[in-house]
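Just below is one structure, and these are the notes that go with it.
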Amino acid sequence: MKSSISSVRRPRRQGLVWFVPLAIALALVPLFFNNYYAQQATFVCMYAALALSWNVIGGFTGYPSFSTAAFVGLGAYAGAILQNAGMPMMLAWVAATAVTALFAAVLGYAILRMKGHYFAIGSIAIVESMRLLASSWSSLTGGGEGLNLPIFPGGPDHAGRVFFYAMFVVMIVAAMMSLWLDRSRLGFGLRCVQQNEDAADMVGVNVNASKIAAFVLSALFCGTTGAISASWVSYISPPDAFSILMTLKVPVMALLGGAGTVLGPVLGALVFVLVEQTLMSRFLDYSQAMLGVIIVFLIFFLPGGLLGAGLFERLSGRLARLRRASA
Amino acid sequence: MRLLKPALIAVAALAALSRPALADDVIRIGAPLALTGGLADEGKKQQMAYSLWLKRVNAAGGIDVAGKKMKVEMIEIDYQTDEKRAQQIAERMITQDKVDFLTAPFGSGHTKVVAGVAERYGVPLMAAVASSESVFNQGYKFLFGTLAPNGGITENMAIMFSKAIPGTKKIAILGREDVFPKSMAVEMKASAERAGLQVVYNETYPVGTLDHATALSKMKSTQPDWIYITGYSQDLILARKQMVDLKVTAPIVTMLTGPSYQEYINALGPMANGVSSASWWHQSANFKSNDVFGSTDVFVKDFVGTFKADPDYVGASSAAALIALQKAIEKAGTTDKAKVRDALASLEIVTFYGPIKFGANGMNQGRDLPIIQVQNGKVVPLYPDPIKQGTLQAVR
Amino acid sequence: MSPLLRVEGVSRYFGGVAAVNKVSFELAPGEIVGLIGPNGAGKTTLVNLVTGVLRPSAGRVWFEGADVTAQRPWQASRRGLARTFQIVQPFPQMTVLENVAAGALFGGGAASRPEAEDVAMEFLEFVGLAPLAERSAMSLTLPSRKRLELAKSLAMRPKVLLLDEVNAGLNSAEIGAAIELIRQIAARGVTIMLIEHLMKVVFSLCDRLLVLHHGELIAQGDPRAVASDPAVVKAYLGSKYAAQEQQVGAGPVDAADPVDTPSGGGHD
Amino acid sequence: MFLDPQILANGLMLGALYACIAVGFSLVWGVLNVINMMHGSLIILSGYLTFFAWLHLKVNPFLMLLVVSPLLFAFGYALQYGLINRVVSRPVLTTLTLTFGLDMILYNLMNVVFEATPRRITLDLGSLSMGDVVLPNDRLFAMFLALGLTLLLFWVMRTSRAGRAIVAVRMDRDAAALMGIPIRQVYAMTFAIGALMAGACGVLLAITFPVTTNISGLLLGKAFVVCVIGGLGSVPGALVGGLALGLIESYTGTWWGPQTAVLLGFVLMIVLLMTRPTGLLGKAGYE
């Protein structure tokens, strides 16, 4: 069985047309708006980076991975432990990224032989196992009591900006990776794997190596993101670092934007964060249910996401027809 | 260029999230609450207590700020027991909803997260339900907690219980791997050893444990004289039921914070009898106070009348936290955050909940916390002497 | 001339049953060799063993003098050992051009995607699919899919091409075209091994035939001679009909006659 | 230590419940290829119905088996027929996301309507002592009921028309469709049976555990592990997987403490996924 998501014609070149203005708009947020907006923008960047990362394995490669939170949590713990051991913050972020990548390579070697449902379940089990490991390895992780990090000095506005731009850079790098991947040999090979793994093997794609590479790429920025957000929150604990909810939410964002499209996940993350934020403040008791309704709606009425399945085509087709009719 | 639209829409949407114009003569208090998710139950209790206080304050015209009565508005948002979101909401409340003060969510872990945000912005944060010192030893200047340190509880208990039931030598400890329950387990181990007890079983169980049969059976084989288990209500209700079912027993059975919660006693019925615990507050300790309630009895009656349930320490401490804040604002005569913070630091009052005086780390000064036991379905305070209503009875 | 591909006593067991049993043969450069045998004889399994889809339980595979027994399929195609599938295996949601470009890029060693697409276009023209280059592979008819499969394999610039029933499901006009195409491929210097049911195709193309039956190589050699081999006739038609059957070109021969297998260990 | 009958008994009693938790989930997964993220919440829903019927109407919780299970059956049938069937042939990601969305709705509604406060049916039945071994009566009943229901399901799947149709669809959907089996109805029936088993399990859980929405995710996690250990889609597999997990947790919990016990379950699951994705029973127990 094959889990294929993307459609035949992906409007990939359209991506940059809206991504660049969006990125510029985001980058300006902390300069012109207060810290609340900066914080929202930070979350947008964070989830965009995560959804872009997920898209490498889930969209390009067609492997329904739910390991995002495992990588985010690992990055958070690696970053926190290194920072507490005296490593400078930024260096700790880079080191956490490396640790996460290494872990993903080993993990990928082990679990990428599974397919479809088995892979999905296996990847969720990884998150839960990591949480339990972090909880029981008290000497290293502080166990259930969690780990404290030093609060970033310089006041809230300064800190808000530093963490925003850190996340922003991660998002931009992740987006550049996606753009590169889409045009690269590896990316082409991954699309072959996504379409038909056996046939990919036959045409000379080193399927295993490609899948592991995709898994590592999908983990890399999750690790960075985790480390940055650990420094940002300045406290981490097992259930929140390895959050099942997050591991399920990130693919939903990518689906919302259009899985397999190059930059769709950014749009998905943006819309998701804004919707969630709005629901949270408008529907005190029912915010979660509202989000559920939106997810169900998405599955039925927007199966290819905002950018996939030709929503743009459908819209522009309709526009063209209207124009022709009026002409 | 048509495609610039999504970007513009996005920015517009961000802007649309802001709240409408805010009135100046209102004091805004932000309350991130866990109304769904794992801590939903505890979040609700905080919400109830806040509402009692709020109703009374506003009925009296508001808080007296240098002679001017200012109404109070509570801004409550559900953070769904999600740490990241708690942080997000705290920040939102400060920057967007322009709250003057914050209350912390339930539990030490989530309090820590919100405390980080409050500290950055210099917003006084009233933590009603965080008792682990690891929250307060971070050097935060704006964090004030109404619960007293945990440390004293286990110390008093170890000494008192081993005297009350002669022959108490062996203690078995099972703790939940979580901020507060774990620290209570760790501290009890230290206190028990200091009191000359032998710790025959000492394990933690992870968040997400469904069943305790194995741990209890193992514990039973060590034949302890004292069984001590920490966790949240759901863990402890199950553990207690399984103890009875598996005939795991000891002369002393202590659960933290099980019997401090009414739902623990309701859910267990007769099985709750004999279980001892400690609490930060008990309604039988009646304080006359110069606050919106006036006395413990009034608070209890108000609570029972409104919610048809007995208040526990969560509710009392939550209401007390707001009282402390109110008194500090009145004392400072301003809503200026830094000045209110200083007023809080030097505050010394008696509330319906008991005396409040924050120590250097922001925690309510240690005092003799009530040690309680469920006897015939009722919570009976055993300690300290002023509220003592009974003595420790061995579990049958 | 040294053989391009050498298969040495290769066997493969599935749960104790030998699907392929101690098969040995060689392919010389430039040959067109037919692999025939009744359904279930193990032809596709043999191709799978040669191209690394399956690992032999015993025996060795040599390609250009190197032991490639343990290779993976992608290594086989990069070495120049390409194949087509009995059931076509396109990348359904890619265009025809992308399908072939994949072969050129990964198996054929093209340096970049534009270069791969150039190569792909060349082979699409060769198989006559150029006008459909931008169509999705899913939308093609069966004959076109077979051509696509061929173009994909060719784009890998194979030295040896294993064609697994490329003509199955085609009508006779389409088969004629396919034969022509295979001839042209061979003319480019590609060594071809053809799995085929249709004797017409085999006789018109092959220099040599291999006959597989119950996983064993029961005959090999000149097509006409092999076809008249009584063991082959019997394998195809059962002993009952072997006596009366004339169509393959020769009279019935004693079924007990030993079969000549040059490598010595063809069967036991 | 291996022979301590108490550890064995604890493991078996817990394991039977695990089997009951997983069997419906496994069936849906195996036949529909749908990972039903709602499974835990369905169990809790049934637990709440049982609790409130006992609290307010004084209905014996065991009797609620007869009420709640059909209710959940109908709910499951409607849900599958009306919603999930529309996307059932889409990739796992889609169906999983859909059931995740539905779970968020159900979970939130339960939280609002019932509140998360842990509550318990205080119908304490005592326990049976045999030497040093203590067997809680409610767990014993629950164990036998769980085993009985699972075996009943096994029997129904073997003998009934609907059961055979489900097995046929599981083995080869296209062939079954060609034979005239109405796939949509079979899917709805399967999901309904899955929900029915969740309902039955919720009743048993309400008798033995405090009821709270907090544990719905936990139950789902157990269902995952059991399913993978036993092999998915198979009733005997769920039984073997459940008992195996119960015993593993019981023994490792005794030897290395509760933290390791839970962790080990997941690690075992990952290892099995990699080495033996068909589970301990393999494909043998198809029904």
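Worth pointing out:
Order of writing sets the labels: A, B, C and D. Residues in every chain begin at 1.
We take it that contacts are C-beta pairs under 8 Å (C-beta built on N, C-alpha and C of every residue); 3 or more make two chains touch, one makes a residue touch a chain.
This one's a predicted model, so the numbers in the text were calculated from it and none came from an experiment.
Looking at A-B and A-C, the interface holding more C-beta pairs in contact is that of A-B.
Here the chain at the heart of the structure, going by C-alpha means, is A. Chain C and chain D, compared by their mean Cα positions, are separated by 50 Å.
With centres set at the average Cα position, the gap from chain A to chain B is 35 Å.
Chain centres here are Cα averages; for chain A and chain C they lie 45 Å apart. Mean C-alpha positions place chain B and chain C at a centre distance of 75 Å.
Along chain C, no residue makes contact with two or more other chains.
Counting partners per residue, chain D has 107-108, 217, 221, 259, 262-263 as the residues that reach two or more other chains.
In chain A, the residues that reach two or more other chains under the touch definition are 4, 128, 132, 135-136, 285, 287-288.
You'll find the chains touch as A-B, A-C, A-D, B-D.
Remark: chain A residues 14, 17-18, 21-22, 24-25, 29, 33-37, 39-41, 43, 128, 132, 135-136, 143-146, 148, 151, 155-156, 159, 229, 232-235, 237-240, 243, 245-246, 267, 270, 274, 277-278, 280-281, 284-285, 287-288 touch chain B in the complex.
Per the touch definition, chain A reaches chain D in the complex via residues 1-5, 58, 62, 64, 110-111, 113-114, 116-118, 120-122, 124-126, 128-129, 132-133, 135-136, 244, 248, 251-252, 255, 259, 285-289, 291-296, 298-300, 303.
Interface of chain A with chain C (complex): residues 4, 6-8, 183, 185, 188-189, 191-192, 195-196, 198-207. Taken in their complex, chain B has these residues touching chain D: 36, 38, 40-41, 44, 174, 177, 203-206, 208-215, 217-218, 233-234, 237-238, 241-242, 244-247, 263, 266-271. Chain C contributes residues 51, 53, 72-74, 77-78, 82-83, 85, 89-95, 101-103, 105-108, 112-113, 136, 138, 152, 156 to its touches with chain A in the complex.
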